[in-house]
């Protein structure tokens, strides 16, 4: 049982890391702000979600699990707010693009 | 090398970077920013000292940790004060 | 009895905190109510230290160092506590005309800010005088900077805002360097208590580097040449009451801390070469600062450059103390001379700035060449300036004379006669710039002095009182100066 | 160890880039990243209390403050820049700074081994305070004076920021006017986050006695929960003439000093707590101080009253 849980955790966290790396690569390599944002938010949220999922079985009790989920939710909420703001700022700065 | 030493060395490098910025940059806002880089380096050196003092079941010496905490708040107050002064000066410039 | 130093710090802190919600008028009244209590506290501390010939020790919250924080009021603290209380009281009464709020009048910005800032400054200096913990002293330094910065630009003009920003940059750099030293000293010795450090520190690289960066940081705050550039515009641009406090007390705060480091923490590890360098900078400051004052055309800038020069004298005590460690007549003379210089300069410079402020308010400008007629229209103000000038020159009998004579004889006794030449030369130059102002003021002026702002007897009285004290210090029997020797760490066996 | 090396490398690169950045906005963005990396470093140094403070104040509030300043300066005529030092001088300064960094690095390596530490005395005396978190024990008991003075420093900083009010603005609303955003992402965040943030702040304050957390971290979060609706234009700060606002920022230090003085009268030492009363008294101080510091921190970010906004 514990072996199974461990395997699940490792797999999920590793998969999450892959998405993080993909997102970071996008941030560094994509040409303009909009696609960078796209790469960063989409891939990272999935990555963070997978990591949270992987850690859930290891959380200390219900409130620990709730806290992990809250972290994911807060990150989603804040980047949902910040992403459009950055995009708008980028468009204001370079109206041509 | 322990990680405490590593972070201590990083703190030393940050002190150099921040000090250089404070002396070379001319934009007052960037000077304030460099003051914060420098402050981060100083706190990191202190943090390395705290980590080296781990013992009695604590991961670090709590006395320097508490001092760093106090220092962070004071540094923020100083930053706020400096920023307010820069903004006030800029608006005085406007009215000329 | 042990509580007295704590009360001397907490009283102004509490008053400062309470002054904010009370508003400008309430803050003014609170300050005036607190002043006599603070003055009485400091005098009682001085009397106790003198009578018992021992420092007052106090452990906060019953926690003894190294875990807790101790207050320690020695002779130096006692002398400076009394000085601070008197200067603050005189300036507060002087400032009522500028920053007072009449009953029913709306609150003004300057009035709201001035009183808490004055109280914070008083609290910070008292803290720097009695705290015995290097980090508590750091908090005191920051408190001092925060209180002093807005005083510089209280009138809100562009020039003073620029001066304030420059001052703030120097001060912030100074305190962060000091904090770096605190970190290193803790890493090397595991305590920040000065008395404990005296026994624990050795001349190891961490300690030496710590002292070096802390000294550099504190020199920037004390405005020792070549780090003095911020001082003249900052001190000359502030309102007269603020200038008086800044020049008389604020620069002394970081200087006292420097003394604590060199002759407290490092008392067992003398650094004679570095002390020679410090005194060399001090000597340069005396000569260049005086020359700059001599060439200055504006009265308040002249007084500010005079501060740059007078700070230089303070550093002459370093090599004289470091050259002859342990109990010695010469070291005692040098220590007393340096401290009396700090005290007498505080009184004289506060008086001088207040007098300059009265004159500037009366004439509507502070151009030295156009001060003609001052002698007739405001003899008391000019007399104040002259008395303060005598003390700064070191003409007997005055506090400045006692200080300079003690430093002079210590220099000759230690075989370092070159400092004696600097002291004498500095005195002559000081005489030069004081004479310039007096000569201009005593001329029967061309333009009639405008009578628009009547000078009240109270303002003149405060300035004159401070000047008289700075001169009267010279009449004190030498035994009274023994106070400042009490509890000195480098004389302890 | 490899993770630490990567972290240190990233931190130095970001710091260097921030220091060299041409545009102020870029510099501040990098500075915030620097703060977050520093937060990770604090976790690696087993200083979780410091990490939380760094994230909330060092990166968070400082970042908001600097970003706001960049935005306001962009709309104003930039002050004539001071003459930058010439190349020779720059090189000299660089050499000096490098020398200081090298000396500091060498000294870090030369610190005594085993390191002197107060961990043992803290552990021995912590039971007397009934607290479980040693950092809180140091902040509220062993070195409570520093914490008290620091709260006074924060209050004084607010006075200083207000003292910079331009002529005609005294008594008015602090800070620049924020454009009202009825809808949009920021408005959503400003409405959705504060209830949650207040709960989190209270939690951090409450657990601070025994686990990492405490008043500064809680106060910084509370301040952010006020700043968010302010930035979205949903709330207007009270005018600085408001008596209750001034009492709010002053009451924390006043209570702290009052309890300290009571200790001097009853127990014979300033800031000494009667046996058995330590924890309740500390909690009372922390709660009131949190409120005062939260408002003061927010006011420091909001800034000086503007003449344009007087009402």
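To keep things simple, chains are lettered A, B, C and D as they appear, and every chain counts its residues starting from 1.
Throughout what follows, a residue touches a chain if its C-beta (ideal position, glycine included) is under 8 Å from a C-beta of that chain, and two chains touch if they have at least 3 such contacts.
Just so it is clear, the model here is predicted, and its values are computed rather than measured.
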Counting C-beta pairs in contact for A-D and for C-D, the higher total belongs to C-D
Chain B and chain C have mean C-alpha positions lying a whole-number Å distance apart equal to 28
Chain C to chain D, mean C-alpha position gap in Å, rounds to 31
Distance in whole angstrom between the CA centres of chain A and chain C is 57
Within chain D, the set of residues that touch 2 or more other chains is 100, 104, 107-108, 111, 115-118, 122, 142-143, 146, 150, 153, 157, 160, 164, 166
Shared-interface residues of chain A (touching two or more other chains) are none
Multi-partner residues in chain C (2 or more other chains touched) are 67, 135, 139, 142, 146, 149, 153, 156, 161, 180, 184, 187, 190
Inter-chain touches occur between A-D, B-C, B-D, C-D
Contacts from chain C onto chain B in the complex sit at residues 67, 135, 138-139, 142, 145-146, 149, 153, 156-158, 161-162, 164-165, 168-169, 172-173, 175-176, 179-180, 182-184, 186-187, 190
Note: in the complex, chain D contacts chain B through residues 1, 4-5, 8, 11-12, 15-16, 18-19, 21, 24, 27-28, 31, 34-35, 38, 41-42, 44-47, 49-50, 53-54, 57-58, 61-62, 65-66, 69-70, 72-73, 76-79, 81-85, 90, 93-94, 97-98, 100-102, 104-105, 107-109, 111, 115-120, 122-124, 134-135, 137-139, 142-143, 146-147, 150, 153-154, 157, 160-161, 164, 166, 216, 293, 297, 300-301, 303-304
Residue positions on chain C within touch of chain D in the complex are 3, 6, 10, 13-14, 16-18, 20-21, 23, 58-63, 66-69, 106-109, 112-113, 116-117, 120, 123, 127, 135-136, 139-140, 142-143, 146-147, 149-150, 153-154, 156, 161, 180, 184, 187-191, 204-206, 209, 213
Within their complex, chain A touches chain D through residues 70, 74, 77-78, 80-85
As the complex stands, chain B meets chain D at residues 3-21, 23-30, 32-34, 36-37, 40, 43-45, 47-63, 65-70, 72-81, 83-94
